[in-house]
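Next come two complexes built around subunit A: one with subunit B, the other with subunit C.
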Partner chain A sequence: MRTYIIRRLLILPVLVLGVTILIFVLISMLTPYERAALYVTDIPKRQGAIDDVIAKYGLDDPIHEQYLRWMGKVVRGDLGWSKTDKSPVAEVIRRRLPATVELTLFASLPMVGVGIWLGIQAAVNHNKFIDQILRVNSIIGWSIPIFVFALIVMMIFYARLQWFPPGRLSDWAQRIVLSDEFSRYTQLNTIDSLLNGRGDILLDAVRHLVLPVLSLSYLNWALILRVTRSSMLETLRQDYLTTARAKGLTERNVVNKHALPNALIPVATIGGLVLIALLNGVVITETVFNYPGIGSFMAQAAITLDVISVLGIALYAGVVLVVGNLVVDLLYAFLDPRIRLA
Partner chain B sequence: MKTLRQLLRNPTSLTGLILVFFFAVIALAAPVIAPPAENARDPYIIPRDGFVVEPQPPSREHPLGTTEGQYDILYGIVWGTRTAFRVGLVITLFTAVMGVMVGSIAAFYGGWVDDVLMRFTEIFMAFPFLLAALTLTAVLQTVYGRGEAGILIWGAKVIALVAFGHLPTRPLDPVSLRLMTGMMALMAFGWMTYARLIRGDILSLKERDFVLAARTMGAGDFRILFRHILPNAIYPTLVVASMDIGSYVLSFAALGFLGLGAQIGYADWGQMISFARNWIPRLAQHWYIVLFPGATIMLFVLGWNLIGDAFRDILDPRLRGARG
Partner chain C sequence: MSSKLRWARVVSAIVVLTMVLAACAPAPTPTPVPPGETPPPVEATPTTPPPPPPPGLEIKNPDTYMAIGGAGWPETLDPAWTYETAGCAMENNIYEGLVWFNRERTEEFVPLLATDWEVNETGDVWTFYVREGVTFHEGGTLEPHDVTYSLHRAMLMDRIDGAHWMNFEAFFGLYTMEDLAKEIAGDPEMEFADVPADALVEACEAVKAIAVADDEAGTVIYKLAAPTPWFLALLANAWSGMIVDKEWMIENGAWDDDCATWVEWYDPPAEETVLFSVGNGTGPYKLDHWTPGEEIVLVANENYWRTEPIWEGGPSGVASIPRFVYKNIAEWGTRLAMFEAGDADYIYVPPPFRAQTEPDAKIVCYEGDELGRCEETGTGYYKLFRDMPRPVMTPAQFNWQINMEGGNPFVGSGELDGNGIPPDFFMDKHVRYAFNYCFDFDALIQDAMSGDGIQAQGPIIKGMMGYREGEPPLFSYDPAKCEEEFKQAFGGELWENGFYMQLAYNIGNETRRIASEILKAGVEAANPDFNVSVVGMPWPVLLDSRRAQKLPIYIGGWLEDFHDPHNWVHPFLHSQGAYGRVINMPEELAAEFDALIEEAASLVSVEERRPIYEEIQLKAQEEAVVIWIYQEIQRSHLQEWIHGFYFNPAYCSNEYSYVYALSKGQ
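Right, the complex of A and B next:
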């Protein structure tokens, strides 16, 4: 176990280094003029001012020197200047991160539960009606693009029924949240409103979260359902379950106590896939629902070809994914003793 | 042959095959179903009926209505089918070839070559796919947008040759160049699965006796790899590739939806749906701008996914006994 963890931890810096190099290769495809946005904090009005910036920051220097200088800034948390938001990229990420965290948190918790529960139902009722229904549903769900799904739920629940509005908070709630009497402990509106004892704001935050959470999670529960189902099917056919049944245990006991723990091991491996789906999904979901998180900012920056902002977020997402995958791998080793010995 | 017969017998995959066949017919018959205007320079540019901003509901002239800016939805869907097939097939082809090259070289030579190539692969996998593609598309559009792309223009020319039959001697037009930036970005971050898959298959094959036999007969590395090992190892990769066509179309549509796909007005499903973004509060009234293109993408991807799902069940020997 310990050597496994050490080996995985040793790969981490290599991957993070690789991620930064790849991002820098993309940056160096830009001209020095375009790259100047990494350093300036405002668009210079004076003629030739950009040339001064290029000279000052050595944007024509050999590539490895530029990389080291850029890395020095990245390590200190400086990702350059975002022309979309007219503020430093790192500052934009810090400001918008809580919204995205809140969204993904609410999307991931129920989706794991629902996905696993449905997967078990499908496997236990293998080839019966309920299995076929879930199977077809998950394939269809897998085929609906997330943006089409999001637009359709908007069409029904916002445009027609007016139940759930887009955005993150209504204007009146936003004013209260930003005022002095409301302390923002976590920056997550749902939790903060509870801590402040404001039920009305909690309700407003939840109303805004329902549709984006639904859009972001339906894809993933289809994925978790399929993996749980096939893993459960395989486990249910093992000899030790026949033994358990022969001992006279109830079917419920056999499924929940004996089969499920083993069947869930492969489900843990798709944690990385789910994380990828979430990171990809927030870009589209937040854009459709006009939700002020990192994803919608990235989409906005990409359209206006604000490459510096896009690369900053890509770097951030890359590091999140590398660390996330490490956690998933360690969790997997913890769950499955066979991995530890390997 | 046996696999094909099983695919035809299984109701799920039969539905999938029918769907894909249906779209193939639409793509081939595009000039008949939605004839381009006589003076049209490029049939892929959707004709506009005036410049009114507000979408118009289905009418006799426009059976599926028009999007904002009066692009005909039926025309866009029909010609977009060609774009979808082209995008899906070309991206899959290139990613598979790139992946097979990297994976087979890594597995065949082993040692430090394997180490370096696989770390390289892992670094590319360290980015969320769509996010990475979005990033690279933005970079490529900046690079190509300024007119001189240096060596990168040759990459675009190779893809243009395969995708459009566009000879490398002719200059690239901006419309297809724009389309290719998204395709190139998806390729750049799509090849890793194939590399890892083929690597595993080759690793288990290369110690087999027939490889040793070929070597004793004096065959060189390249001959052994391409004539003896690859033909035996390629089958699983081909299956995975066929299953990926739908998801590449989906990813490309997502880029289009975010505004980084084809040029405005080009027949591309993702972009057609992106036209709906400005009308969200009034979608109850303008439902057709979401439902028609949305259903089209869904059915197309569903077709490929149904085939892929059945494929996996047929090829997975562990599940064979379970299908009563």
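Right, the complex of A and C next:
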């Protein structure tokens, strides 16, 4: 197992190298003047300004020189400066990652947990009314664009009812969190507020998570529900479950102890991919709810051709992908003892 | 078949049938528009009444003014580096200069960190008396040497394409520190890196000589290259006039006031200056923190020096609103939701969304010529300020000599063969006149601006010296004249052969897209062989194409730097101006404009300057240098409980450039 894990982690530098080289190759297709637009956001006021910017930032240096220059800094822990966020890229990721992790944590339980439970109900009540309702719901969930859903729920539950605001914290809570009277341990507002004994801030943080979590869940329930349902239906037809029932086991035991673990393997794949996607940031949800996570940063960096930020995010995404897939593989082994990780 | 299954099938069939019938219903037939006419604007037909506004919102966060912008974050909070409105607006709250605008008046100034000033007879030497008893946020005391250090530092920094061309123009008749150093070195063509060290030192000393402090006498003396009528407006700007604490700056790693070392601080990246995300001014607000991508928070300066009102009825003492929070939220729906919930006190409402919000305006205040006339609508929940002419003007700039080198996708074949345009297409006055007559100015202002625009009369905006009051713009939409001009262009060859060209606009800018479409429609309506293709481009591509002078037409915009007609005619028409240098007018015509502009700038009195600017305004129209499209009219949307708002077009942001003047309460 240990060897397997180490071997998988060794893929990471290769992946990072490949992705970053690919990005630089794509960048090389832009002219230095197009890349200078990151620094020149309005028409230049004087002749030669763009050429000066190009010279200053080495935008017309050979692409391999630019790459080696950037990689040299990366090796020293410097991912460069983000023009989009006005901070070092490493600091941007460090600052925004807890928000993304917090959203992922709170979204994963309803998304995966409820999605699986609903899928089980649909499979166990195959072709009955509840199955039909759940299938229709999953189609609707998959069909409604997330930004439409997100804007509607925000208008209803925030603009009208003022129950669930956007952002991470209300202004009054933010002031306390940034003050000396509040200690930061994890940068996750929910956990830190618990550790600081501030139930009011915990409640405020949870209120701010409701709508983004609901938006993400509604979309992803549909997927997880359908995959779980299909997998459960296939598993429930297996002969060994007939044997289990014949031995007198309750249906609950048959489903939860004997069928479910086998049915969860494809769900683990999908669920893992969904969680990896969450950790890479969900652009639309973060944008609509003004949630300062990795996704909104990534989108802004791409739009403004902030190459340095894009490279930093690519590094981060590579790490998430490799580690995430490794965790899913380990989960397979846990779910099915027959699977040996060689 | 079970009854449940049968019912499910029946219900499903009914749903599907309903959807099919709805899809197959005939679409309403649009009224045909006669050729050559612009389709009338489509009025939105509300299908449901707007939801009732939130009744009687309580004031949330009574100690905080929350402003939600939509156009971006500051690049920096260093006034010497800043040259954009978001940063400038923040800095206006943190820092102060010697003078400030007298409330809404752009040509009257009140003493701020100066108590008084005088100018010599020739108008090129200004003496300011620096206020005593003023403390910086970090504890230092304001002295005259802080004033001069602030300007020296800013001009010596002179970052690429920054704001200090205005100072170099005023003090030296040049545009950059690099120009100055090369001039002193004796070779304007040399590379900056090759300028000898002694010339660099001498250049620094020249900068120091233009602003001299006398701490004993409590004065600062400025020596201009020539009388500069807009000098006070320059000093009221964040980038020229904001004053920092010299000792504190040097302690924290800024330039040490030594001419032997200034090059080390020349043209730094924004993030490498001391004041990038730190503030230390004398202003009514202090920087509390800037969390990038999330918020900028300012808190009231408890030790603010002002004890007398800044103007009659104006604020004094500590700011009445203890906190100011600025957020930039690009998503319109989110901004609106925060406004409706009462969390935001001000939000930026782009013109296309005004129709959505304005039924909820409880109080409507009309600015324009009659300041502060307000009416209650009887419904709604917020305060709308409208009819405020912004100092922003949008032209469609012709390129009179298009660059064809290396190929040009915007000009088709590059010949007048019906499949393209030649490089000198806009050299022909008839072509320029035709494009002007083909443009439906009213349609743009009504459709894209929701009526909030004034057709431009030339480079000078309405209300400014040089604007020809009472005279309409030379051009208006006239398809007959458009056709007539086209028929005369290129000796008739253009009309016979037709042409093709591409019109590029900046993706994301809806107004420019609509302007492009309107121009296309007007031109193509004149002759079926005229083809204009509208192409949206990302900013980087557009910037590169414009720099290469390959765009036949560029629809851009200009927001004034300081409130004087020089800052309108120079950028648009001078051969060194931001627009003027890429229009590629013939040398003779360019020289005529340069001479007029420089003459007007050299005079002091309004009586002498006005006729010259009016002449420039008329000539710019008669030559149809560009299509002078429109000047924006601004609207501001604030919660009902915000008081003290006024409109000064010279502010970087009227809603939050000077939060000190606002108050919050029932």
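Rule of thumb we're sticking to: the second predicted complex is superposed on the first by the 261 of 342 C-alpha atoms of A that agree within 3 Å, B and C clash if a C-alpha of one lies under 4 Å from a C-alpha of the other, contacts with A are read in each partner's own complex, and residues count from 1 in each chain.
We take it that a contact is a pair of C-beta atoms (placed from the backbone, for glycine too) under 8 Å apart; a residue touches a chain by one contact, two chains touch by 3 or more.
If you're wondering where the values come from, they're calculated on a predicted model, not measured in any experiment.
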Exercise for review: Determine, under the contact definition given at the top, whether A:Phe334 touches first (subunit B), second (subunit C), both, or neither.
Suggested key: neither
Review point. Is A:Val283 touching the first partner subunit B, the second partner subunit C, both, or neither of them?
Key: first
Practice item. May I ask you to decide whether A:Ala159 touches subunit B, subunit C, both, or neither, giving the answer as first, second, both or neither? Key: both
Practice item. Figure out whether A:Ala317 sits in contact with subunit B (first) or subunit C (second), or with both, or with neither. Key: first
Review point. Touch check for A:Ser143: first (subunit B), second (subunit C), both, or neither?
Key: first
Review point. Does the superposition put A:Tyr185 against subunit B (first), subunit C (second), both, or neither?
Key: neither
Check your understanding: Looking at the overlay, what does A:Leu151 touch: subunit B (first), subunit C (second), both, or neither?
Key -> both
Practice item. Look at A:Val19 in the shared chain and tell me whether it touches subunit B only, subunit C only, both, or neither; answer first, second, both or neither. Key: first
Exercise for review: Determine, under the contact definition given at the top, whether A:Ser230 touches first (subunit B), second (subunit C), both, or neither.
Suggested key: first
Review point. Do any residues of subunit A touch both subunit B and subunit C, and if so, which are they?
Key: 30-31, 34, 151, 154-155, 158-160, 166, 287-288, 305
Practice item. Using the touch definition up top, name the residues of subunit A that touch subunit B in the complex. Key: 11, 14-15, 18-19, 21-22, 26, 29-31, 34, 126-127, 139-140, 142-148, 151-152, 154-155, 158-160, 166, 230, 233-234, 237, 275-276, 279-280, 283-284, 287-288, 298-299, 301-303, 305-307, 310-311, 313-314, 317-318, 321-322, 325
Study note, to complete from the structure: subunit A partner, complex, touching residues on subunit B are 12, 119-120, 122-124, 126-132, 134-139, 141-143, 145-146, 152, 246, 250, 253-254, 257-260, 270, 273, 276-277, 280-285, 287, 290-291, 294, 297-299, 301-302, 305-306, 309, 318-319, 322-324
**Study point:** Interfacial residue positions of subunit A with respect to subunit C in the complex
**Key:** 30-31, 33-47, 49-50, 52-53, 56, 81, 85-87, 92, 95-96, 129, 132, 151, 154-155, 158-160, 162, 165-166, 171-172, 174, 178, 287-290, 292, 296-297, 305
Check your understanding: Along subunit C, where are the residues that touch subunit A in the complex?
Key -> 4, 8, 51, 54, 61, 64, 66, 73-76, 84, 160-161, 165, 175-176, 267, 269-271, 277, 289, 291-295, 325, 327, 329-331, 333-334, 336-338, 340-343, 538-541, 543-544, 546-548, 556, 571, 576, 578-579, 581
